[in-house]
Structures are given as C-alpha cells and as structure tokens.
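Across the two complexes that follow, chain A remains constant while its partner is chain B and subsequently chain C.
For the complex of A and B:
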C-alpha cells in the first residue's frame, strides 16, 4: 500500500510540474491552480487536458501490456503484438489519404476501429492455439501491416505528412476531446483488470495447471484479450505508437509489486501514466520551442532499461 | 463411489488412436499405479480422468456423476492433478505456490479466508516445508521442489490426487521421500491417489492396485502380487525380470534383467 501512496504522490508532483512548464512561459503552482479554477487560459485549455491524456495513455498501454504478458505467459509480449498499433496506424493513414479534410474530428475513432479490426484478425488466426502461435501470428501480421503503411506513405508522400506525425507517438495538441475519449476505456482497463486479476493469477503456472485449479481458459482468455485490446486501441487512437510503455512498465511493476496481478495491474497503470507524463513533460522542456515526441523519449529510456534487465538477468526474462 | 472410465477413446490425430475404448475403475481410498510402455496412454488417461482432455468417445464418472457435469471449481475441489515437470515463474516462494492450491475456494476478488491459511499451513506441515516456506522455489533441490508442488495439490483439499510421474528426475532418496509422503497421505487422510510410474518397484511397493495399459487398452489390473509375475512383466514391458518376494509376499520386487 505504501508503494501506491508513493506512486500517487510522484504522479501529483509530475502533473504539477507538467502544468507549470510549457512553450509560452513557466508558471508558479499558485498561478496554475488559479487558472484551473478559473476554467480558462493556457493551463486549463491546453496543458491540463494534455497532461491527463498522457497519464491515461500510459495507464492504458501499461495495463494492456500487463494483462497481455499474463495471457501469453511471455514477458516479451507487448501491445504491438496484438496488432493494435499497426492496425490503428493503417486505418489512420488510409483515412488521411482518402479524406484529409473530413477526418480531423473522427481520427481517434478511425484509429480505434482499425486497431480493433487487425487485433481481431490476429486473434482469429491464432485462436485456440498456443500462446506461442498467437505471438508469432501477431508478429507476422503486424510486420505485414507496417509494410502496407510504409508503402502508402512512400507512394503518397506529400499528403502523408499528417499521418506521419500521428504515427510517431506524440501528445502534441491533445485536448479535452481526447481525455473524454480515453476516460471510459481507462476506467474499463482499471476496473476490468482488477476484476480478472485474481482469475488470471494462476496462469503463471501454465495453462494446464491453471485448468486443474478450476480456471476456465475458454472464458478467461477472451476476457483478457478483450481487455488488452480495448485499452491499447484507445491509447493508440489518441497518441499513436508510444512504444516500450506496454513492454517495460509491466516489468518494473512486477519487480516492485510482486506477481499478484490484483496489485500489479493498478500499480502498472499508475506507473505507466507517470512514465508517459514524464516523457511528455521532458519532451516539452528539453529543447523549446522544439518538442520531442513522448514516444521517442519513452524509447530512449525504455531501450537501455531493457538492456539493463537482460544484462542483470535477475528477472524472468 | 469412485472414479471410473467407460469405453474411453482418444486420439491426438486421426490415424493414431492413443486410447481404444479403455474401461477401468479406480478404487476409492487406495493408491493406484498406472504402468505400461511409453506411449501406451498412461498420461493421456490421467488427463482424461481430470478433464484436461475431452474424450473422443466414452465417459468418465466421478462419484457416479458424469465428469462433464462438474463445474470447473467443483472439479478442482474434488481432484488435484500434479502434471509432469511443472514450472513456476522465477522467484515464486514455496508458500506463494502452495497458496495457489486454494484458488478454487477463493471468492470473487480472491481474498484468503482463515480456512485458506489453515489449510496452507497444514499442507506445508504434511510436506515438511514449514522452514522453507519463504524460500524461492528455484533455490530448492529437486526433491524439495516436488514436495512443494505436492503441497500445492494438498492445499486443494481434494478427495482425489492424480500425479504424472512424480518421481522423474529425482535421485533415489528423493524418489522414496515422495512415495513415502504419498503413502502417508493415503493412510492418514484416506486420499485416493492415482500415479503414473515407470519403476515397477514403485508400483509394487507403494500401490495397492496396479493398472497395466498396453496399446491404448487395459491389459490387466489387480494387486501387485498378481501383476508382478514373470509372464506378466514380459508381456507388459518386453523385459525378462527377476521376481522375488522380499519381506512382504504381497509386494514382490521386480528386477528387470534384459530385453526379450
């Protein structure tokens, strides 16, 4: 419990920091509070929704990854394997190329539908088989979808710029509309995650032993998959591909919190939110007025940490 | 009332049936050993008895009821199954593993009751693991680890306990330790135990009932003294044995000498 309190305090501190710093000028915490209470100004209109969107995106990715790693019993599984990132990317690129003018307000929904569809195809192709086969199907189809995305971008280079920006994983310009889009899915991820956590716990012992302990895999597996896809698709729809969050954060959460998913799921959610918010804030502060996308920062931080885990070799990798 | 298979058929692929209409009754309150050559269907039978596999034909009856009618939790409260070479994640402690055995009894969000804690402590005591309860499973010897898995199965508090080659990969002292533990559980707690074993002496010394499978059907079943005769062992394993009564004629020893 103490760990949750520490994490919440850190999250609060980083939220205040992220609201204080920005492209225009830095504000004191007092001024930040005043602006939020007034419900107007740069903090309320831009920085607060962007910070909340960052937290929710990180939360969704992290819970998606935690649930997926439990489902596949593979610590290297990440939401990318579900096909959500490539699916969301493909749908968005096509939509931007076909109807660039009309797509603006609907881009999150287009991405969400595309993400869910590719995820469904992967599930259908790999269903009923081993976790191993499910992962391989995901890798193959994601690579294939990425190839189509690249082909489209190369072929229609000039009009594809907007799609490129979306794909690189950034929270630039995200506002209240995106928070509203994310909030129900984030709630679904947290509540659903905690509800299935107890049933999913025995999966660490493998599907056979889980079955002997009274787990109905035919029910549990689709539930976990659905939870993982829905939360990742919502995050992808808002922020594009922010890699490594869904892969790294579940590891850190397990190290700090132990294997019990009833605690690891909410913990990883908070940790993911903190991580993405930190990355987004750092990206805005490091070299203004240039913004470094949160996705890039996450990869810069995530990749070395992953290497550290491998070298140290003290995890279940 | 017991565990009974009637006309079980099963195949992993259509051309090679593993079980061809196998019927057998597992008597309650006894240790039953399943023996036979590799690929004769011992493990498959064990898995069918616990519904880990669905039979292609035939039925399993548990306490007179069709196994298919049992709820998942209900079945897990009636029968525990220790699979071959189970694996646990790195760092999992003995106690955490044993607590998994209480899973079928936990409520919606999985809170442990005082009964859950009692049974876990009892299972740790039965398997002499109290001192090792907080040690990581992967830091233990093979024999201790196998006892921890048995403790998890005990925590399920079931009438029936199925074990698939519980002594594989253990040195001879640890093998006997596991078998003596099973004998104690059978004697003191009246557990019905079904185990797949390869060593004929493990069957003859520890089981009251021996089931011989061959080619996917029941070859014969009976008390060790009736099963472990020269002709029977030759027919079952294709091996010439030396059979001698030892101290207890009801539990003959069987030394495999050479292949036929």
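For the complex of A and C:
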C-alpha cells in the first residue's frame, strides 16, 4: 500500500512538472493551479488534457499487457508485439482517411474492431505454439499491418505530422475530446481488471488446476481477451501505437507487488500512466519547439529492458 | 531437401524474369524531353541498382541463416539494417549535407558490425535457440530504429523524405550507387566461390565441420562479416529493405538444394529479380506517387515469414 501511495505521489509530481514545462514559458506550480481554476489558458486548454490523455493511454496499454500476459501465460505477450495495436491502428487510419468528419465519436469502436480482428487471427494461428513462437506470429502480423499503415500514410496522409502520430505514437495535439474518449475505457480496464483478478489468478497454475479450482475457462478467457483488446484499442485510437509499455510495465509491476493480479492491475495501470507521461513530457522538453513522439522514447527505453528480460532467461515459462 | 525445379531451369527462368523486369522498367514511366538521358541516367541505373541490392540482400539473408543455424534469420529482423541506418543518420547529422556514398558505406559498415558482433556472440553462446535469437534481434531493431527516428526528428529533416528513406527506396539511384553495390557484390561472390565447399560442410554441423578440418568459429565470423558488408552497402544506397533475406533463401533452397556452389548464383539472381520487380511495381502502381520498395517487400515477406515460423 505504501508503494502505491509513493507511486501516486510520483504521478502527481510528474503531472505538475508536465504542466509547468512546455514549448512556451515555464510556469510556477502556483501559476499552474491558477490557470486550471480559471479554466482557461495554455495549461487548461492544452497541457492538462494532454497530460491526462498520456496517463490514460499508458494505463490502458499497461493493463492490456498485464491481462494479456496472464491470459496467454506468456511473459513476452503485449498488445504491440502481438500486433493487436497495429490492427487497431490500421482500422483507425483507414477510418480517418475515408471519413475524417464522421468518424470522431466512433473512433475507439473502429479501433476495437480492427484490433479484435488481428487478435482473432493470432489466436487462431498461435494455438499450441511455444511462448516465443506465439510472439513471432504476432510480430509477423504486426509487421504486415504496419507495412499497410505506412503504405496508406505515405500515399494518402494529409500531413507528415499526422502520419508521424500513427507511425511512432504521439500525444501531439491531444485535447479534452480525447480524454473524454479514453476515460470510460480506462475505468472499464481498471474496474474490469480488478473484478476478474481473483478468477484469473489461478490461470498461472495451468488450465487443469484452474479448472479444478472451479474456474470456468470458457467464460473467463473471452472476458480477459475482451478486456485486453478493448483497452489497447481505446489507447491506440487516441495516441497511435506506443510500444513496449504493455510489455515491460507489467514486469516492473510484478516486481513491486508480486504476481497477485488484484494488485498487479492497479500497479501496472499507475506505472504505465507514469511511464507514458514521463516519455511525453521528456519528448516535449528536450528540444522545444520540436517534439519527439512518446512512442519513440518508450521504444528507446523499453527495447533494452526487453533485451534484458530475454537475456536473463526468466522468460521461458 | 530435394530440389523441386533443378538448377538450370531455375537460373534460366529467373534470368528471363529479370530481363522482363528490365524491359518494363526501362520502357515504363513518364515521357521526357530527353529520352536518352532518362534512359541512361535515370531508369537504367535505378534498375541496375535494384537488381544488385536485391542480389546483395538475398545472399546476406542466406549467409545469416547459415551462420546462426536459424532459418528465420534476416537482416531486418536481426537489426543489422537498423543499426546501419542509425550510423548513417548520425553521419548525416554531423556532416549536415548529403555525405559521400563511400563515407555512408563505411559508417553503415561500422553500425552493422555492432549488431553482427552481437549476433555472433549470441549464436555462439548457445543460449539463444531459434525464436529467442530473432526476438533478441528484434530488440536491437526496435532500439536502433527508434534512436534514428528520434535523431532525425530532433533535427527537423524533411519528414516525408525521411519516411520514404527509412522505409527503403530506390528513387534517385545513380551509377555511383550501382557501382558501390556492384563492387561489394564482386567481393562477396569471390569469397563465396572460394568458400562454397567449406560452407557446405558447416551445414552438417560444427562437429562434422571440425572433423573435416574446418574451423567453424572462424568461418562463422567470416560469413557474418560478409553479410554485414552486403547489408551495409544496400542500406547506404537504398535504405533498409526488409524480408528479401527471408523470402529469397527459402525459395532458392527449394529450387536448387543446399549446395552453396549452386545456391549462391540462384540467391543472387532471385534476390535481384524480387527487388527489381518490387521496385517496378512500387513506382508504377500508384503513379505518380511512389511507394517505398521496402513496404512492398514487407507486404509479401511478412506473410511468408509467418508461414515459415508456423512450419518451423
């Protein structure tokens, strides 16, 4: 519990930092509070919704990864490596290119459909495969969908900046609309994750023992699958594909609070939010007015950790 | 594995395919005021570069698979291409303007060598069976990929140009590019002719190779160095073009068997045909827009990789 509070405090500090610094002048915390209370100005209109969106995106990706790793019993599983995110991204990009005006409110649903389709293909192709081959299947699918996304963007994208958001995962220009999109899905991810946690915990012991313990796998598995795909889809619809959050955050969370999902889910949500917010803030602050997409920073930091997980060899469950 | 098509029929049909691609590449395209210039300075060098880059990548893929004893190895998936790209991006940022192709090649070699060494160490340690090696390679690919995109973004390079280059492109290839790839290929071909029988012995496993008087460790270092050279030159000229190194070797194996004396020419030809035809498609399908050729090879190659990974 103490760790959770510490993390919450850290998140609050980083939120304040991210509100204070930006492309324009840096503000004191007092000025930040004043602007938020006034409900106007740079902080309220741009920085606050962007920071909130970053936290929610990170939370969704991280919980999606946590649930996916528990469901597949595969410590390397994550929505981005398995291609679920790029499936959602592809559907969103197509929708934005086809009907930019009409798509607004339905964008998460579109992403959800795309993500579910890719998820279904992986489920079908990866049955009975070893943990690592399962991931390779996802990587190949992800490479394929990513090639289509790049093709579409290079050919039709209205602007390079727009294209970059989808290819590298960025929170550039995200506002209150996006926070409203994300909020219900993020709540669904947290609440849903904690509700099913007790049922999902025995999965780690294998399907036989879980069944013996009275878990109905035929009900539980689709629920977890839905939870994971939905939260990843919500995040990708807003921020594009931000990789490695869903992969490494659950590992860090398990280190902090052990394998019990009732704790891992909220911990990884919090850590994921913290991670993406830090990445986004760093990307804005390093070289203003230029921005480094949060997805790039996450990959830059996440890839070595993934390598460490591989080398350490604890990944062969 | 029994060859399905025989050596000479495969060679003959691939040469025909390249010739057909060459004819179409040279004849298709917008009309210009100076046909001779268009033909000899734009279309022909581009076609020749495409064939040579494809040949280099096809051979490089097969060499990496031989050195790592892993049928899924491929320059793009193991991160060799991305680390070479990262080095080139660093050079371009330091020099500001377009650097001399030879300088680009040298730094691409350095960058590729980093990943090459890592691959050698990992496959020598024995702790990295098939899937694990690819995942470790992917990690390097992600790391260097994000690093070079970040560097480019920080320096306000024209985004669309960059998007094209990092997806692999051949537009604007000139005779110097073709010469550079050609030179490296000559080196690679000479070495592979000289070493073909030793490489064949390596296919039988390290112990057998040792029994035949061949040092597998030295050979492996040599093979990976050669692969890195080929990847580096194709990156310096055309950016990273993925998945050629996985499609071509498997096709060549199926058609000509595993003997490197026969496999090498077929690898070169089939790689050349694949990239030349992909590039032809890339610049004609959506004309006047041009698709980066790396995207086309990924669209074909990713499903093929999926299929291979299933059959493993």
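Just so it is clear, the second predicted complex is superposed on the first by the 238 of 317 C-alpha atoms of A that agree within 3 Å, B and C clash if a C-alpha of one lies under 4 Å from a C-alpha of the other, contacts with A are read in each partner's own complex, and residues count from 1 in each chain.
Here is the rule we go by: a residue touches a chain if its C-beta (ideal position, glycine included) is under 8 Å from a C-beta of that chain, and two chains touch if they have at least 3 such contacts.
Since this is a predicted model, take the numbers as computed values, not measurements.
Visitor: Output check: A:188 vs chain B and chain C. Expected answer is one of first, second, both, neither. What do you get?
Guide: Neither partner.
Visitor: Looking at the overlay, what does A:172 touch: chain B (first), chain C (second), both, or neither?
Guide: neither
Visitor: On chain A, which partner's contacts cover more residues, chain B's or chain C's?
Guide: Here the partner covering more residues of chain A is C.
Visitor: Name the contact category of A:213: first (chain B only), second (chain C only), both, or neither.
Guide: The first partner, chain B, only.
Visitor: Per the contact definition in the header, classify A:109: touching chain B only (first), chain C only (second), both, or neither.
Guide: Once the two structures are laid over each other on A, A:109 reaches no partner at all.
Visitor: Which partner does A:259 reach: the first (chain B), the second (chain C), both, or neither?
Guide: first
Visitor: Who does A:202 touch here: chain B (first), chain C (second), both, or neither?
Guide: It touches chain B, and chain C stays clear.
Visitor: Go through chain A and flag every residue that touches chain B in one model and chain C in the other.
Guide: In the superposed arrangement, which is not itself an observed complex, chain A uses no residue for both chain B and chain C.
Visitor: How about chain A: which of its residues touch chain C in the complex?
Guide: Listed in rising order, the residues of chain A that touch chain C are 76, 125, 129-130, 132-133, 135-137, 139-141, 143-144, 146-148, 150-151, 153-155, 160-161, 163-164, 167-168, 243-244, 286-287, 290-293, 295-297, 299-300, 302-304, 306-307, 310-311, 313.
Visitor: Going by the contact rule set out above, which residues of chain C touch chain A in the complex?
Guide: The contact residues of chain C facing chain A are 72, 127, 131-132, 134-136, 138-140, 142-143, 145-147, 149-150, 153-154, 156, 159-160, 163-164, 167, 242-243, 286, 289, 291-292, 295, 298-299, 302-303, 305-306, 309-310, 312.
Visitor: In their shared complex, at which residues does chain B touch chain A?
Guide: These residues of chain B touch chain A: 50, 52, 72-77, 79-81, 83, 86-92, 96-97, 100-101, 103-104, 106, 108-110, 156.
Visitor: Under the stated contact criterion, what part of chain A meets chain B in this complex?
Guide: Its residues touching chain B are 194-195, 197-198, 201-202, 204-206, 208-209, 211-216, 259, 262, 315-316.
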